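Right after this note come the structures.
Note that chain A is present in both complexes that follow, paired respectively with chain B and with chain C.
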Partner chain A sequence: MLSKSEKSYIRTSLLSEPPLRADGRSLLDFRGVAVELGVTALANGSARVRIGGDAGSESGGGGVCGTEVLVAVKVEVEDVSGSVDGGKGRMACNVSCSPAAYPSLTMLQLDDFQSDLTSILDTTLGCSSLCPTNLSIIPRKKAWLLHVDALVLADDGNVYDALFLAAAAALHDTRIPRTRPIEYRPNNARSQASADASDDPMDGASGLDTHAMPKATDFELMDYWDEGEPLVCPNGMSWPICVTLNLVPPLFYLDATTVEEDATLTRLLLLYSFSTNSSNTRLQGMRLLGHGEVEANLIKPLIREGEKHAKHLNQSLFAKLKSELTKRIPQIVPSTKRNK
Partner chain B sequence: MGSRVEILNDGGYRSDGRRQFELRDIAIDLSRHGQADGSAMYTQGLTEVLVTVFGPREAKLRSQTIHNRANINVEVNIAAFSTGERRKRSRGDKRILELGAAIKSTFEPVIQTHLYPRSQIDIFVQVLQQDGGLLSAAINATTLALITAGIPLFDYVCAVSSGVHSTHAMLDLTTLEENDVPHLTVAVMPRTGKITLVTLETRLHSDRFEEVFRIACEAGKVLHEEMRNAIKARTSALARAMGEGHPAGAPSNREGDEDFEMGDD
Partner chain C sequence: MEVDDTDGGETSLRSKITSPGESLTSSQAFMRGHGTYVEDDEVIASVAGTVERVNKLITVRPLQTRYNPEVGDLVVGRITEVAARRWKVDANSRQDAVLMLSSVNLPGGVQRRKLESDELQMRTFFEEGDLLVAEVQAFFADGAMSLHTRSLKYGKLRNGQLVTVPPILILRLKSHFYSLPCGVDLILGLNGYIWVSKHVKDNEQEGEEGFDAEAVYSNQNDEIDDATRAAVARVSNVIRVLAAHFVPLNDTVLVEAYEWVVEQEYTVKDLLLREDVADALVSAVATARPDL
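For the complex of A and B:
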């Protein structure tokens, strides 16, 4: 916790002309952002994002350490026969914080903060408009359930932006295993189905009806050279990107460190998703954090400003992901040739 | 659980292609992490553990202070995605408490707690991935983190898991092997040859115990060499950086510009 005078010192220097920040950045500068994909081998997709800090210094006693978030996506088969929304699969998000990231918080406070982070990630990503369209395995019977697990390893401010960047990167990295539906038809020699899939007498009866729609009862995993297909976000939108506007009336600044966050009364989280050709932007969510209040007529220009920065962030993330994913292809291609 | 994989085939190879006494790849990263006083990322095969150490510092709860020595507080957190099947374990989970208690009792005789009366040393263990040998990886990472935090220890603690398949002892088991084979975890203090932890959760014939135990102790010495090299590399990098007048943590690969001595250092 900062003292009153420290807080006012930080606030006055932010409001001075030109604005001053402890690390010499201008108000709208981000710290360096590092993104790494595929960091956990046991997950279907994962990413580690680090904002600030001197990543890669092996000598270890660096002065600043930055914010670090790890997100892993795991898929699980879920029975959706009883669900009301048609059973298209869903996403479940969970955030946990390492106690090392918040050494000053007690365990109870940490639990509260974790559920805060979980709720914002879950309400944003779990929204049905963002549910990937290729999660269904057998329509109205089985679907993939995406578990998005985030882990905050270190917090040096701006944890929300890091969280959503890491989640977007991990979802880009995720591959859904390819499946093939199989069915059981007792009187049909042409069927390539395996008989052990279902021994249900009810299915045997429906198998006699040749006019019925073929009904898949189970599925098998296809053996293929890659791990599966990427997630398809509906309507060609990107995964949501968060921009935190730290409000020090009359201005705002981006990417606050822990100390600056402490000195700032109000923070506005804005969550955007963009279509791939960036012609279309959607506001996915909005939160006002902190004690202060904001004048209502300020919100509109703030949203417009936020969009600009989110777009920039999204473009850089996309470029980085593209280069990461193309880096992988040359590794995969030679090995498949050898197999054939 | 019966397995369809051969634990040890006729050629003397294990399911992942290792020999009986072969350890998996070890990677040690001692770079700074968050606001911690010391931290270590320890990777052994697919098992990955991050340990951060805070302290010695004032205890958060007054009741936890001990008047003549430091209190050691161990918190274990297992990531939900760390295993093959996703599983969320809460903080009160029996398995987690047990792991924490094992780490605490291992380090209580090793840390020179009498030097810091009325204070607390926090050890946060974050399991990122697990594929067998979780306790041994956590103990090794904790040793390294304590050393980087500058907390005085009597000795290194090097832990390794070992098991017996029929009559053959094996070292550093994976999850697959742990499910099938009786195994124990041994933590050695290599300099004095003392043992601070032996755990055995499954049945093992008493005739076999000695051999497995002896091999685990020897493997501990090999690990000690590995851990000492990592610590030495970090310390010499720090010393070099201080000598050059750079802030610690600045890039240390500056062999080329040694002739530019800064005037005041």
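For the complex of A and C:
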């Protein structure tokens, strides 16, 4: 909640020449972003993202604590024999907010906000074009169900960008356990014969045959040195990245703090996913938040601008994740190093 | 570490930082104060903070805490609610503070009687979200503080922005209104809310000649030039950096830090986005004032 004079101070500063923000950033500057992988031991993949906050201090230091989102991905076996879409596995997203992040909201308002965040995460990530191709365990019988659970620990503005960054990082971090289909085949004739030949029941073929076979009924987890294989996003696309354009016509700015968000009428959320090997870009989603209005002919250039910034964000995230994951290959204790 | 009566023990105690649950001393010889509790004949810290001792009384002053008001303190607050004949004010304390309609300056002079019509137009004085500077007048039975703005120095705030720091970093000083040489006015609220605004010349202050309610309760900002806005942003970032490194704030520290930043020709955002600049600033302030 801001006073009228604070709002007008922020707006006039943004519209002055050159534009000036409360903390001296230029319009397109992000605050420092920290990404940490593998933060929850029991999840199959997890990440924590912090935007802003005090440099170098673990617990927020003496000042503001920034925006902090934790995402954990957990896999679960789901029976898909009855499903209509062929049972390729799916993603279920849920976002909850810590009441400490929104002390001014009542529980009801908090619930509303949570379901807003859940709906945008779920509709974007749950889209069939982004469903990982390696979720199937036994075709048309069993598949992995990915639970993507996000927790907003602190909000100092730009929570949508942080949420999608954390989700993308967690999905990169996720490892699907390796499985091997098995079938139980009671081979009566042979077992009788072997019982006659020797008293050793282990001799000859066992009832459990663990070779891959087309009519597999069940599966077993393979014991392997790593935790499994990474998720494969279809068509070599990346996980969606969100950029929030805060509109103060005729210009826009990125990475608003809570105070700036309060003073901004309209926000445009743009969700992009990028192809990792070609220059292919897809707009995965779009939301207009707030109670302002936008000139229709402004939208097109905004989408183009947003793509540029999303691409930049995606590249930095990707470079960061790559260095994190290569560090972890000789893995005894998962290294969790945070970086600015 | 055991606390003992010798001077050596006292000096080591002064620099000691506790964690919750840490045993401090025996409860037979000492009394427990704020931030501690007794279990099994031992005084145990209940918060993270520094140990303080006055004679036999052991207290722990927490590192991160809400503001503990005292009568006469200057605070900056934000109106959260307009109620019957009073405003509720968020002042970073455990409870919302209360500003009574009878404790504000009303248009028409100090001697004027409070009218019913004033109650009906309370939002023309302060409405939800408005920032104000006030003084702690008294406490209610439940510990909530009552504020007053019955001085020409107090009242609604405009022409600037708010920076929040932990209240423990604001020292009690003779005055909490400062004018920095860079054309920026500062109000260091003891509750950790700091108002950074454009300098208003003393003779232009509202209400100097009589009481101009229109100006005092205005929501309209003055014309502010870009240099002043940049200075406001720079001062705010200096405060944020110093607070993040737990440097106690007063006007000399802030002036020094501001001059250092200007001297080194760093841009406003360098302070926020570059850790090396922030660290250099803190060490520069620390060398300039070794007592901190």
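Rule of thumb we're sticking to: the second predicted complex is superposed on the first by the 294 of 340 C-alpha atoms of A that agree within 3 Å, B and C clash if a C-alpha of one lies under 4 Å from a C-alpha of the other, contacts with A are read in each partner's own complex, and residues count from 1 in each chain.
The rule is short, and it goes like this: a contact is a pair of C-beta atoms (placed from the backbone, for glycine too) under 8 Å apart; a residue touches a chain by one contact, two chains touch by 3 or more.
All of these numbers come straight from a predicted model, not from anything done at the bench.
Participant: Under the superposition described at the top, does placing chain B and chain C together on chain A give a clash or a fit?
Facilitator: Aligned on chain A, chain B and chain C clash with each other.
Participant: Going by the contact rule set out at the top, does A:Ala101 touch chain B (first), chain C (second), both, or neither?
Facilitator: In the superposition, A:Ala101 touches chain B alone.
Participant: Where does A:Gln109 make contact in the superposed view: on chain B (first), on chain C (second), on both, or on neither?
Facilitator: A:Gln109 contacts neither chain B nor chain C.
Participant: Who does A:Ser119 touch here: chain B (first), chain C (second), both, or neither?
Facilitator: Neither partner.
Participant: What is the contact status of A:Ala41 with respect to chain B (first) and chain C (second): first, second, both, or neither?
Facilitator: First partner only.
Participant: Pick one for A:Ser81: touches chain B only (first), chain C only (second), both, or neither.
Facilitator: neither
Participant: Determine, under the contact definition given at the top, whether A:Leu151 touches first (chain B), second (chain C), both, or neither.
Facilitator: first
Participant: Counting only touches as set out at the top, which of chain B and chain C does A:Ser128 meet: first, second, both, neither?
Facilitator: In the superposed model, A:Ser128 contacts neither chain B nor chain C.
Participant: Just one of 75-83, 111-119, 201-209 or 237-245 in chain C runs into chain B once the structures are overlaid; which is it?
Facilitator: Given the superposition on chain A, chain C and chain B clash at 237-245.
Participant: Return the residues of chain A at which the contacts from chain B and from chain C coincide.
Facilitator: 54, 56-57, 61-63
Participant: Within the complex, which stretch of chain A touches chain C?
Facilitator: On the chain A side, the touching residues are 1-6, 8-10, 12-13, 16-18, 20-26, 29, 31-32, 54-57, 61-64, 259, 340.
Participant: Over in the complex, which chain A residues touch chain B? Could you list them?
Facilitator: Checking each residue of chain A against chain B gives 40-43, 46, 54, 56-63, 65, 68, 70, 72, 74, 76, 94, 96, 98-101, 103, 106-107, 147, 149, 151, 153-156.
Participant: Within the complex, which stretch of chain B touches chain A?
Facilitator: Contact set of chain B toward chain A: 29-36, 39, 46, 48, 50, 52, 54, 60, 75, 77, 79-84, 86, 88, 91, 122, 124, 126, 128-129, 131, 148, 233-234, 237-238, 240-241, 247-252.
Participant: What does chain C use to touch chain A in their complex?
Facilitator: The contact residues of chain C facing chain A are 78, 80, 128-131, 156-162, 164-166, 169, 218-221, 224, 226, 229-230, 233-234, 236-237, 240, 243-246, 267-269, 271-273, 275, 278.
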